[in-house]
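You will see two complexes here that share subunit A, one where it goes with subunit B and one where it goes with subunit C.
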Partner chain A sequence: MKRRFKPTLSGCVLAIAVIALVVIGPLLPAGLRSLLIDIMIFSIYAMAFDLLFGYSNQFSYGQATFFGLGAYGILLPVLHFGVNLWVGLLAALILCVVFGLGLGFISVRLGGAYFVIITIIFNMVFYLLSLDWTWLTGGDDGLTFTAPPVDLGLGQFSLYNPIVNYYFILAFLVVSYIVLRRLVESPIGKVLIAIRENEDRASLLGYNVFRYKLLAFVVSALFTGLAGALYALRNRYASADYFSIILSGEPIVWTIVGGSGTLIGPIIGVAIINPIIYYVGVFWKHYLIIIGLLLILIFRVSPKGIMGVIRSKIMGRG
Partner chain B sequence: MDPMIAEFLNRFILVLTNGFIWALIVALVALGLSLIFGLMEIVNIAHGDLYMWGAVLAWYGVTLTGNFWVGVILAMAVMGGVGIVLERGALRPVEGIPAYTVVVTIGIGYILQQVALATFGGSPQKMPDPFPIVIEFLGVRYPGYRVFVAGVSTLALLGLWVFLFKTSIGLWIRASMQDREMANAMGVSVSKVYAVTFALGAMLAALGGALASPIVQVFYLMGYDLLVLAFIIVIVGGLGSLKGTLVAALIVCPLESVMTLIVTPTEARVISFLFMAAVLLVKPKGLFGA
Partner chain C sequence: MAENNIILETRGLTKNFGGLVALDHVDFKLREGELRAIIGPNGAGKTTFLNVLTGRLPPTSGKVFFKGEDITGLPSYKITRKGIALSLQLVNIFPELTVFENVWVGAQMRFKACRNPFTKAESLTPIRRWVEEICRKVGLHDKMDEVASNLSHGDQKLLDIAIALSTEPTLLLLDEPLAGLSRKEFAEITEVIRELSKTKTIILIEHNIDAAMKLAHKITVLDRGRIIAEGEPSEISENAKVQEVYLGRRR
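Entry: the complex of A and B
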């Protein structure tokens, strides 16, 4: 037990960051708190993408599929059957695992460029269907629902209270980070990294590459779905836009800018990019041009993103 | 014959013909995508936006001069130039690493879309029919423009074939596709071949967009729809296989078109997707993949 809690520099920084988030939550102005909630939800989405790309070298451009499935996975049961929050969340996660297995079974074994293309295609299929099947999804207008209260056994808390909402999301972010961190540092994570570095070698060593990559794909789908479900809860709304291909591009931007294969990098990416979009988007609707230039130039500046710069310049590691 | 069956047959033939003509346009776009991937391993996410710009430029050309040919030539010339700039300026450092090319071409796509939104505007525009004549054949009335499109795209496909298989530049492109280092060692300027190929792909996409503009609505996000269709075709045919791309276009587009008789266009796209999934399960590298 003792060894597990050996303090590291990054561990201390993270602990301080979490304590800071806990303390400042109630003190923040409403607008900034709302932005921070978005950043925390998208951080889960970004880490889920990093597990897929940064740790198992599967570059997906279709993760919004699972974001949308997670959102509708909680919205529909709550709306139509009045289930409580935990049952709704569970339904969303199960839905994402089932579709993750199905879509992963087709796409994961292909790898490389085929994988990218297939994920785009299935994302577009889901997006078009969500636009078309308005009886189920509400299409472009979407569906609104009442967020059920958080029942912790001790008492019920309403998500309509912004402070409750803030801590609710923060708790999920911390849990997601811990689970994903432990996963990538477990023996399974080491095998994923081995596959990322050299798939043929990992295969020759006797590892079932397909199964490990499928596992990463499904776990990524699960956490992406969690982010989608939390986003639907926070907005009490979901629409076909939750499946949009633009939303699939966002974790790519965050992860590449922040630094892939680090889990923290993508969070930094969200924390930098989203405020830019939030503030620039107000007075310049073509802010995607900035993102576009960033994506074109990032590999010339630092192929490993911001975390790459931090690691080489500050911590002296390659 | 039962008039209901006759009516259905009439519609079936009409829809099937539409599907084949659409296949020729889509084949132009998909062949560019396939060429670019086959040579440089660029997964060009911005390809749909090059097609969109072809349609937008054609719209400008036709609106300003009233001559459809001006629109087509404007679209191809401008996008060819843009293609060279993009390949030299943005893609050169990441060629050969598919994931990185996706990131860079997503960026290019965003910029192309936003520039179109800023200049062309956000509302879909309808291009007037350049040849508003109706051709009647065996009692079936068919819009003259579509017949014209079939002719032009067939000529363009033949032209592409001649270019790739009968000219020295085409020989260099095919040689570089087979073995880049060997081609380079034999004195082929692979760097120039790359720029020419990307420009060629962009021009084919622009031609597709220009030809499609009177049939579909011109819109700054129209590229995504075609990108997905082109990707399905490229995957079914086998990535980088030109023959496969052409054959797959001639299978998938008519299939989707005929399906719209029974289901909605979106559900027809889902059927194409399932068809692709089935092909992949049987032949993971597509019909003609190496």
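Entry: the complex of A and C
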């Protein structure tokens, strides 16, 4: 059967990348492995943002709201009630879905420019509350907790073992990618793309645009929360900074660099930006200049990001 | 029971924009299978009429009935699902998607398989066949892989009609599909409309009175929001009032 939809980066390339990550995991120096773990966690965050912005054209500047909710959503139950890892993760995800529905209902309804503003406001509110409610969040200093072991039924693995931690995060990244990829290639994804391209026409075709946008918002909140929860687990710590508005800006940069509406592009964005911060940031505090220059370069060369280049040069389609 | 095959009816349909009366107590009836042209000078309220019918604008007063059911005030996506499709005056397509993808979006509406979030859209062969059939109907089947924004204006108009058809409507509303076309495109789209009218009920808004005369079974003339004449093409061309407000003004 002839393919009629735009090609995505072939599953084969991705499978090889995953196998490579599996193989090199234990061989890597600790610092690099740790960097990779960060990249993988933020890749989930980046894809979640891309679903919202790249697929349904909703530009949120407040995704850290859900990153923080996910982090505290797992930290607090584990800390106070000693729940196991899976219950903790579930609690975090449920929390994000509930808040995603609530905040999404308001911001998606208002839509357009209001959407951006409302998401910023929500983010600010959560940030300020988390600073203020130190009894709950630990405020600026944050809270530490003991990461519960990963219980797979056939034995327990400690997340304090960096290699376990690495595979644990990698597994979530792969699952997240597969779920989101299936979603955007499903009929629902086609409607989201249609809404992105021409909202009025999509609604003229009988689609309840609000409901689809809300769905994208909630799923994005869910995966953003997952990233937040994993980040808290990996650091065994969360603080008000997890709600920081700066953190809301990062997926925007990743997505612009990598190319929106591709899922893979934002991951490439993370994989380029974070090493710059990690390696250059430690000895040169003005490392943001490099990122700024990179953004300008991308805008000049390929407004559709790195994936735009790959698609037009290698796959012959823009 | 002649009333039985009335598919669309409006009663006292009125739309005001501030002080401007765009539609003024319009009573309109359309039979199933009819190809009706609505003509009238600029600003007569033709587009507004379609917008109110399809729920894109709420009426100030009056009612719209589709197949006997009161659909006044329903959101536009619900009205579409009842079987009314609209192709707007200005080309309204998904510019960055291919012709195939453009038609696909609406085609999904018809199939239950699409409610499963984890089916791969591409694997849904019945939808693909339906999309190909629609493209063939409007003559775009050899351009299915072209990106919509690269099409000629005439082909974009055809694509717009194809998108409207993709949801399999019973009533098709076309707002000036023939405006701004080359002679060849004009003939092409006229033929497509003629062909479609064999299976669908159509309201055709048209500026070009000759085209309306040739295509339509019946013509409604709108002026300043009011229906000033209605009848067979031959009656309309002889109607003094029409000649005055419409034909007269044009010359």
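We adopt the following convention: the second predicted complex is superposed on the first by the 301 of 318 C-alpha atoms of A that agree within 3 Å, B and C clash if a C-alpha of one lies under 4 Å from a C-alpha of the other, contacts with A are read in each partner's own complex, and residues count from 1 in each chain.
We adopt the following convention: a contact is a pair of C-beta atoms (placed from the backbone, for glycine too) under 8 Å apart; a residue touches a chain by one contact, two chains touch by 3 or more.
Worth saying up front: this structure is predicted, and the values here are computed from it rather than measured.
Aligning the shared subunit A places subunit B and subunit C next to each other free of steric conflict.
When the shared chain is aligned, no partner comes close enough to touch A:V164: not subunit B, not subunit C. By the touch criterion defined above, A:N208 lies against subunit C but remains apart from subunit B after alignment on the C-alpha atoms of chain A.
In the superposition on chain A, A:E197 makes contact with subunit C only, while subunit B stays out of contact range. In the superposition on chain A, A:I117 makes contact with subunit B only, while subunit C stays out of contact range.
Of the two partner chains placed by the overlay, only subunit B lies in contact with A:L128; subunit C stays clear of it. Residue by residue along subunit A, subunit B and subunit C are tallied for touches, and B comes out ahead. In the superposed three-chain arrangement, the CA centre of subunit A forms the vertex of an angle with the CA centres of subunit B and subunit C, and that angle is 80 degrees when rounded to a multiple of 10.
Residue contacts after overlaying the shared chain place A:R182 against subunit C, while subunit B stays out of touching range. Minimum C-alpha separation, subunit B to subunit C, in the superposed model: 14 Å.
Counting contacts as defined above, no subunit A residue meets subunit B in one complex and subunit C in the other.
Put simply, subunit A touches subunit C in their complex at residues 1, 3-6, 182-183, 185-191, 193-194, 197-198, 200-209, 318. Contacts from subunit B toward subunit A in the complex involve residues 37, 41, 43, 45, 90, 93-94, 98-100, 102-104, 106-111, 113-115, 117-118, 224-225, 227-228, 231-232, 234-235, 239, 264, 266-267, 269-270, 273, 276-277, 280-281, 284. By the touch criterion stated above, subunit C contacts subunit A in their complex at residues 54, 56, 75-78, 80-81, 85-86, 88, 92-98, 100-101, 104-106, 108-109, 113-122, 124-125, 128, 144-145, 147, 163, 166-167. Those residues of subunit A lying in contact with subunit B across their complex are 53, 57, 59, 61, 106, 109-110, 112-114, 116-118, 120-122, 124-125, 128-129, 131-132, 245, 249, 252, 256, 286, 288-289, 291-296, 298-300, 303.
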